[in-house]
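Which chain is which? They are A, B and C, in the order written, and residues in each are numbered from 1.
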Amino acid sequence: MINKMRTSFLATPYAIWVMICTILPLFYILGYALTNDAGSFTLSNLTAIADPVHLKSLWLSIRVAFFTTAICLLLAYPVALILHNLKLTNKGLVVFLFILPMWMNFMLRILAWQIILSNNGILNSILSTLGLPTLHILYTETAVTLGMVYDFLPYMILPIYNALSKINDQVVEAAADLGANWWTTFTKVTLPLSKDGIISGIIMVFVPALSSFVVSNLLGGGKVLLIGNVIEQEFTLARNWNLGSGLSIILMIFVLLSMSVMNKVDDSENGGMPV
Amino acid sequence: MNKFKKGASSLYLALIFLFLYAPILVLIVLSFNDSMSRTVWGGFTLKWYANLSSNDNIMEALGTTIKITLTSSIFATILGTTAAIGIHYMKKRHTAIMLGATNIPLLNADIVTGISLMLLFTRFTPLGEFSVILAHIAFSVPYVIFNVLPRLQSLSEACFEAATDLGATPMYAFYKVVWPEIFPGVLSGFLMALTMSLDDFTITYFTKGAGVNTLSTMLYTQLRKGIQPELYALSTILFLLAFALLLVINFKGSARKEVVKNEK
Amino acid sequence: MKNKFLSLLTIASLSVASLLGFTSCGSDADDKDTLVVLNYGKYIESDVLKRFQEETGINVKYEEYESVEDMYAKYKAGSINYDVICTSDYMIETMRLEDELIPIDYSTIPNYSNIDKDIIEASAAFDPKHQYTVPYFYGTVGILYNTNMVDEDTVSSWDCLWDPDYRNQIVMINSQRDAFMVALEKLGYDINTTDTGELKEAYDLLCKEKSLIYAYLQDETYECMISEDAAMAVCYSGEAAMGMEYNEDLAYTVPKEGGNLWIDSWFVPRTCKHYDAAMKWIDFMCQEEAATENFEYVWYATPNTKVAAHEDAETLADETVFPTKETLSRCKLYEAYDNDTLDYTTNLWKRLKAY
């Protein structure tokens, strides 16, 4: 038997680290959120979310994050499935092909979308050469959503692909042998078995999409104000750290809430599936 | 029918890759554009590549980026790997606490992590390069832990016990039995930490001090005022370098697998 | 067991935290030969920065910001001690009124004599006794337009920004004060009004405009206009000059209702730790050579009288770069807002963005 007590102490440096760089900062942000600039206790920074401006940007963020996640899922699942069916011996290659774009700086990739989508951009040039009507995409909510889908797609593909590669092929074959057609096999076997991947994909896309402010700054043309932008501007423009912290806490609560909803979905469905 | 399906899936994959790589193509083309403006094609040039090494601003930002990325991801890998081993052998209850805490930076929005760290740092240490490194370690350790832990969990304890029963010291047994098993996890954790750190903007933006610029924060200010075209050149080089590097690692990896197969 | 574990953790983490505090205090010792500079983004030729460091042996930590409000937030955050800052008139006035400025010792700046007396005179608006600032660049806010898409008549009034014929063709300036200035001018109010009713009216007007505009941009405007993505844009004169260099169809005008004249100047904030180095910096910026290089990089009007000798007649006659007396007569400097007005407009601006 490994000496568990002794080995577990390997985690001590990390535990200290977590206290200082994870837990303590949260207390700081909470401290700011619960005080006003005179330093006395207040809840107004939290209730400020009820302000129509904040509510509106929160709602917009939720909408953008929802569409981003949904589109990512719809695009990513077939990709993962196709890649899985290719039965590549070299799985690392797949991961690498999807991570590679990240080595081109994220800011530049978003900039490239500006060039592609602008009124006289590459996309519209192609469309008008083909005799099709041009599109007004850049600096709209659509452009922001597209930018996020682009940025976060790999985070959806990889977990799903991972989950699919863990499925025992014999289970799928068995289903087929028992007479299930492709669709039934997919919905009854493959999909439920890859659910963990889907859920972590959704989480990995939804959370950053909900709080992003850079994509909306660059592709929203200052017209798309997400909750992330509001928070950022409280720190960088309006100098109201307390309000910024308060809204951050609200955002955190929202993230945790959506996470626990996802986990509920996970649990309830797990009940019926002996894995 | 099968052929059709195959064709359709290939087409679909091609479209997705086009979607992922089109912007990169645009940027590579821009790096050869002989014009300061990103919207005017001024003819083909290699001058941005030639000028690159003499552009102090960019070289300094590159240096800072490399320093921050390497320091933070190496440190995060060491911290994360030891932590993962520790956590794995913890009592279940403590494991849950530790994992919960580890999840925080992953689940938290970047902006919240960045701001909370900034609020902390401004109290204790002047903002500068050091604060950025600390922040980067903070958000990349979880990636290492979550890459190493599953490897540990799939590890059969019997092997380790057998080794120690046969007289191996725990250190030796760890090195011979556990390490080879978890190494791929450590490596992928390290690479993930590296990628995350390299690509991070938000957290750096909030925790950096005066005059400290990584490529990301530099780009953010330049994006508005027009980007120095040398940056496209630099990014293209970095991208191709990463491409080559990962290709080599991959082929070496698969070549080794082949050898193992043949030996069997 | 669990309690023991947790208490151990707490003790350990606290001790490390205090250690961290101590070391940081220790390393806080300042380097004598450094200078922390805060300036607008891309507002200096990098060779000038390099030369300054080589010639003086001073190591410069150079930090950039995007908008005036951004600068103020950075300064107020207090986590970095800036030695010398360049920003716009009304913000300098705000900070002067807050007693955040240190007087400049002009005797240590021989090159100050290069600065145009008229501009120093105009600076009295925010530095009445001429003791805190040295002008760096000045310019106007106006409309940059594409002559193929809009005719001169249309852009002679700010009204064109509300013309539905140009839906998705208008770029509005992404700066609180400047955007309100445009709306106030259109309404015929004073650009420095603090009347909440008038400001609210301006806000309503800007809300109406939002559905017509392509984007709120600031420093990207010229790219957008070069590629003809938009027909007209509210922007600064230097931005316009930069755009006109690449696209011959572009032109710049300050509409008849009038606009804003701004003066960006160097000043020394109270956080300054390297006063002598800061003086050397300001002097260097006023140097003939450095000012010329900077001018040829940013294309705003320079208050440095020595630069003219290095420029050709065409540049000097360029009304976009050097506004004419007639244009200047229509332009006004911003005055600092009091805190209430600032908060009020900041809030309106946020509302507009969310609208």
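Criterion: a contact is a pair of C-beta atoms (placed from the backbone, for glycine too) under 8 Å apart; a residue touches a chain by one contact, two chains touch by 3 or more.
Keep in mind that what you see is a predicted model, and the values were worked out from it rather than measured.
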Longest centre-to-centre distance from subunit B, chain (CA-based): C
Comparison of A-B and B-C (more C-beta pairs in contact): A-B
For subunit B paired with subunit C, centre-to-centre distance based on mean C-alpha positions, whole Å: 36
Geometric centre distance via CA averages, subunit B-subunit A, whole Å: 17
For subunit B, residues that touch 2 or more chains besides their own: 38-39, 91, 94, 223
Overlap residues in subunit C, where contacts from two or more other chains coincide: 17, 20, 77, 217, 227, 229
Residue list for subunit A, restricted to those that touch at least two other chains: 12, 15, 24, 118, 120, 235
Residue ranges of subunit A touching subunit C (in the complex, touch as defined): 12, 15-16, 19-20, 24, 52-53, 56-57, 118-121, 136, 138-139, 221-223, 225, 229-230, 233, 235-239
Touching residues (chain side subunit C, partner subunit B) in the complex: 1-2, 5, 17, 20-21, 24, 27-28, 36, 38, 41-42, 46, 50, 60-66, 77-80, 82, 217-220, 222-223, 226-227, 229, 242, 246-247
Of all residues in subunit B, those that touch subunit A in their complex: 9, 12-13, 16-17, 19-24, 26-27, 30, 38-39, 79-80, 82-83, 85-91, 94, 98, 101-102, 104-105, 107-113, 115-117, 119-120, 123, 134-135, 137-138, 141, 145, 157, 160-161, 170, 191, 195, 198-199, 201-202, 206, 215-216, 219-220, 223, 227, 231-232, 235, 238-239, 242-243, 246, 249-250, 253-254, 257
In the complex with subunit A, residue positions of subunit C that touch it: 8-10, 12-13, 16-17, 20, 67, 69-70, 72-74, 76-77, 168, 174, 176, 210, 213-217, 224, 227-230, 346, 350-351, 353-354
Complex contacts: residues of subunit B adjacent to subunit C: 35-40, 55-57, 91, 93-94, 118, 121-122, 124-127, 209-211, 221-226
